[in-house]
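The next part holds the structures, each set out as structure tokens.
First chain A sits with chain B, and in the next complex the same chain sits with chain C.
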Partner chain A sequence: MQLSPGKALYSNIVSKKKYIIVFLIIAIVISFIVNLFVGSAGLTLVETINAIFGDSSKINRVIVWSIRMPVAISAILVGAALGIGGCEMQTILNNPMASPYTLGISSAASFGAALVIILRISISPFFDNILISLSAFCFSILASFSIFTLSKRFGWDRGVLILFGIAMSFLFNALTTFLQFIADQNDLQSFIFWSFGDLTKINWTQILILFIVLIVIYTLFFKKSWHLTAVTLGDSAALSLGIDVKKMRRTVIIMVAILSATSVSFAGTIGFVGIVAPHIARMIGGEDQRFLLSISALVGALMLSVASTFGKTLVPGVILPIGLVTSMVGIPFFIYLILQHRGGMK
Partner chain B sequence: MKTKFSKTLLVLLSIFLLMVLTAPCSSNNTDKTGEEVVANEKTPEPSQSTREITDAQGNTLTVAKNIGKIAVDQWGTADIVVSVLGEEAMDKIVAVGITKSYNQIKGIYGKSYPQINNLPSIGGGRSSPIDAEKIISLQPDLYMIANYSENSDDLIGKLAKANIPTVILNISEEPSQSPQNAIKIVGELFGVQERADEIAGFIDSQYKLIESKNLEDKRNKPTVYMEKGSGTKDEYDVTWSDQSAWGKIVTKTGGKNIVDSSLGNSVKIDSEFLLSGNPDYIIIAGSVGIGTDLEEGQELIRSYTQRTGWQNLDAVKNNNIFLIGHGQERDQFCFFPHLVMAKTFYPEDFVDIEPLEILKEFYDKYMLLDFEDGHWYIKLE
Partner chain C sequence: MIRTENLVFGYHKHVPVLKELSVDFDADLNVIIGPNACGKSTLLKCLFGILNYEGKVFWNNQDLSKLDFEEKAQLMAYLPQGDVENTSLTIFETVLLGKVASLSWKVTDDQLDEVYNVLNTMNLLPIYDKKINELSGGQKKLVTIAQTLIREPELIIMDEPTNNLDIQKQLELFDIIRQIIKHKKIKFIIVLHDINVSTRYADKIIVLNDGKKYACGQPEEIINVAMLKDVYGVHGKLVKDQNDTTFVVAESSVNEINLFGKE
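Up next, the complex of A and B:
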């Protein structure tokens, strides 16, 4: 049956976007494999393959399964979480500068971590890392819910949300700076490492938690794709299409808060990806949330996966903090994209 | 919608909290390496080729009877191994974590011991975490770190999975005791207790000398201000209270720290506080030691003296301002700043004592680097 020109064009656009998704998935798989094969131990291709399938020395299996694999997987999950968080924050706030951290989540998480590290709050040495993650998570959620409560009064106005987010960031930054001021050198050092963003400390349990949270939230967002696309047309247009914009904004904020807080509490604050991944996704896939959501997640995952590999190879013998690498590698690429699209980012 | 959403939220939060709280239990399971990972496992199972020791943290560790290769977190820790093992240490150390002076010290050792030039990097320092993968690939018999170094359970756990125990040396808790205990543990590890006891004895005798003068009971103690040597003419760096390692040294040597712990143990103080405190002595703890340039040291002291109001301080007017090695408060050379301060504060009690001579004797007897390779104490000229 011959499709009408309109349907043919639509079908063409949709299949193009599907190809983009397939291409990104392939790129992520390749990047994941490269990430597994790169490391300071200098394992050969064969040794790494043998270690992956368990037919190797214990040392090589530990290197691949306990060190490289958690980093390679968490790079993809954290990147996807930041991509999704950034995409939805930019959508509901209709602001290209929004990111998963717009509501002060990273500042609050940093404060939570600093509190445990610098004040040496400890149940037992074995629980220290868990306590840092838990504290970072709790403060992130606290910051988001504070904004949530405050914004209720102003009818979930976009501008008010952003302003409260800025205020919350300044507040927690100030509190963190105070803790840094009273910290001794070693605690300060530990906190600086945490705040750089670090995937090497994520364990399998944390990966599982992040995976579950990511899948659940992605599914919930995906189900609301049409509604979210309508929100990008503006509040009035979305309302005229029967969408409760306030409720939508409230829902998205809470879900992004949970997703970002989970990610930041395990991996520290990794900036840049949350802002840039949705922009790149929009440039290559358009505004349709059915695709924008997935492409943002995939671009975020790819960015962090590639950054993780670069982090191990840029300076031989030294693992650069992932947050630093995402900026170093990502910013020139991002500027190139802006120039290619003649600044056309809305 | 609201109920459904709230339920989802509740479930998510519950999953997170439950999993975070049960994480330690779940790590008892078999992991992907196919090995049984015990939550508090630090070391491999004992066998005929291994033995158990207790480190300064109270951890019972199973280590190889004959330790062939070791990785250390920094040159400061390596120094203890060097003093205990001598030249043999140069063949046993297969990796040293990066610190500010890493390349400088590596270069000096490398001139006499070429194998040191080939040490691979395992990261470390201010911007890079220690690389567990690299350490595992080197397969050392143990990883040795100072208690104040990066010693996350995460790193220790990963090394333990590869049967590499981590020995934590408590070097800094009590400046006048901890280094000797660390030396004895290293002696026990390598089966050279006699040599370790000799070194610890040498250090102990210096403290006995200081204690014999009852400096802590002196009246009219000189007032002292200490500052970390990363400050500038315009910016103060942190100072330490009497509860910190440097503070304890000042107290033990009969000085009176003008900063007490109510201000914090490591703080930048208000310049007015210092100017009104008008200390008799100012001690800058900076980059002094192996490879130090004498003129750079003098320049650093001079830059401090150019701060607003410092020309009016008694310490500056009397040239009682000096630079000493930051880091010595937490290593085996800690007796040296003790001797320097004791002699500086009470010269009449230490007429025949030359701290630099004693340090030289220590270097000549126990270290591989030459005493002449560094400057240890720089006084304003």
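Up next, the complex of A and C:
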């Protein structure tokens, strides 16, 4: 069938992006299976597959379903959440260095957790972990809400938003340092373990909550994908297209705050995925948000899924916290990106 | 079409940029001229409602301040002075964004063909898949104009669209605008610095000076030696070409410039 001239040109631009999405989904599925297979119990691939489908010994089923599966799934969900959060923060702030944590969310979450752990706030030992996550979540939302209220007074200026985010991070870091200063050794150790960024502590209920939040926020962003694409042209260009940029910024901040606060309160701070995943997504898939949003989520999911496997294999017998792995791989990659970005300038 | 009534606006309290400005933009191609910082761009921003002004802006007797951005964008397109920001969107995608109000997940063939036609008109087809961040300032301007044209609003407001364009592209742009007015019945309000391009193409010229309307009317009524001196502070003369179009030759500034003392 003969394509219309406009359609022919447009197909050249978008067809590649569809293949990228399919390729990423396949890569994630493979990485997910590898993640389930790799571990200190030494299960073979066949044993792993049998355990997934229930045709195996009880111990193998427990290893796969209770230990490995939650980590493997949460790697994908948290990675996707960071990818989406980073992508939209970079879009609305038009700043390549923005991330889901730009609004001080990770520092606030750390403070929230530190408060419960170090001050030993407890209802019953059974609820301790829930209380830590809840406190981390509440403080993340509080930090975003403060920035939200302050930015309103300055007309949602991008620069002001970023500056308030930095100020908020410093404030909560200082408060956390104070708590660490007065903490005893055991509490300090528990807090440090919390703050590493770790997927092994996530349970099925948390996975379900994160999944629902992720799907709802992804859908809301997806519905606005043309408007979000237009925002990348700059405030006045978007305004002239009839887009209320301030309102857009406000909505995106609320949604990213909820998404990132959920992920950070369950998994702790996982660095660099939120910055790097959207960059890779942009490089391979362009700026059209109908594709960029999905590609950012998929790249984030793939990165964290691979990092989770590496965390289990780098040091035999030890599961390294995933935040450590992403930062160690992320920093050299980040420097490479900056060099690439500035490559044209001498 | 669009008119202002006693429009007052200042970026700082007690320092008005626009001073009780009442202008009727009733021609097909309205051009606003005036010296730097006289309020030309500010006036355009008020017309599109980006700034919170005092006074009224009417669209066919309807108060424009009652409409939201989306509704205003249906009626008119505003092309700001600066370039679009650096993005890795392609030219095709950027022009397609002009249709943002009616786009859904699946772009229709008609919408894509409209983009094709506009790119063809603007001679942008050979570089349709180039990214915005790879373009020159002039090319970016053409892309934004193409994006504005695809929207087919009733009015297009442009702030110094000829910036960064060479002479040939400037003339081509105005030829395109003339054809759009003729075939699509779209009206234009354009801020320009070049008086000669204004007199050649404008149906109506509005001269602003210090936030007030100095004069308003057809080019031949407006452009004269006294205006050059009062508004721009230059001594000059007028010449006419074979088509009876008036051109300005500016000869010297009213102010004496003595950077290194009197010679």
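Quick note on the criterion: the second predicted complex is superposed on the first by the 325 of 346 C-alpha atoms of A that agree within 3 Å, B and C clash if a C-alpha of one lies under 4 Å from a C-alpha of the other, contacts with A are read in each partner's own complex, and residues count from 1 in each chain.
Everything that follows uses one rule, which is that a residue touches a chain if its C-beta (ideal position, glycine included) is under 8 Å from a C-beta of that chain, and two chains touch if they have at least 3 such contacts.
What you are looking at is a predicted structure, and each value in this text was computed from that prediction instead of being measured.
After superposition onto chain A, the modelled positions of chain B and chain C are compatible, with room for both. With both structures placed on the common chain, the touch criterion links A:Gly85 to neither chain B nor chain C.
By the touch criterion defined above, A:Gly104 lies against neither chain B nor chain C after alignment on the C-alpha atoms of chain A. By the touch criterion defined above, A:Ile63 lies against chain B but remains apart from chain C after alignment on the C-alpha atoms of chain A.
In the superposed model, A:Gly197 lies in contact with neither chain B nor chain C.
After overlaying the two complexes on the shared chain, residue contacts for A:Gly268 are found with neither chain B nor chain C.
Of the two partner chains placed by superposition, only chain C is touched by A:Pro5; chain B is not.
Once the two complexes are laid on top of each other via chain A, the angle at chain A between chain B and chain C, using C-alpha centres, comes to 150°, given in steps of 10.
Here's the short version: in the overlay, chain B gets within 13 Å of chain C at its closest Cα pair. Residue overlap on chain A between the chain B contacts of one complex and the chain C contacts of the other is empty. Chain B contributes residues 1, 5, 8-9, 12-13, 15-16, 19-24, 26-27, 31-35, 39-40, 98, 120-123, 126-129, 131-134, 136-137, 139, 148, 150, 152-154, 158, 161-163, 238, 244, 264-268 to its touches with chain A in the complex. Of all residues in chain C, those touching chain A in their complex are 48, 50, 68-74, 77-80, 82, 84-85, 87-90, 92-94, 96-98, 100-101, 103, 105, 107, 109, 111-117, 128-129, 132, 144, 147-148, 151. For chain A in complex with chain C, the residues that touch the partner chain are 4-7, 9-10, 12-13, 94, 225-227, 229-230, 232-234, 236-237, 239-244, 282, 286-288, 290.
By the touch criterion stated above, chain A contacts chain B in their complex at residues 39-43, 54, 58-59, 61-63, 65-69, 125-130, 133-134, 137, 141, 181-186, 189-190, 192-193, 196, 198, 200-201, 203-206, 208-209, 212-213, 216-217, 220, 247, 251, 254, 258, 262, 315-321.
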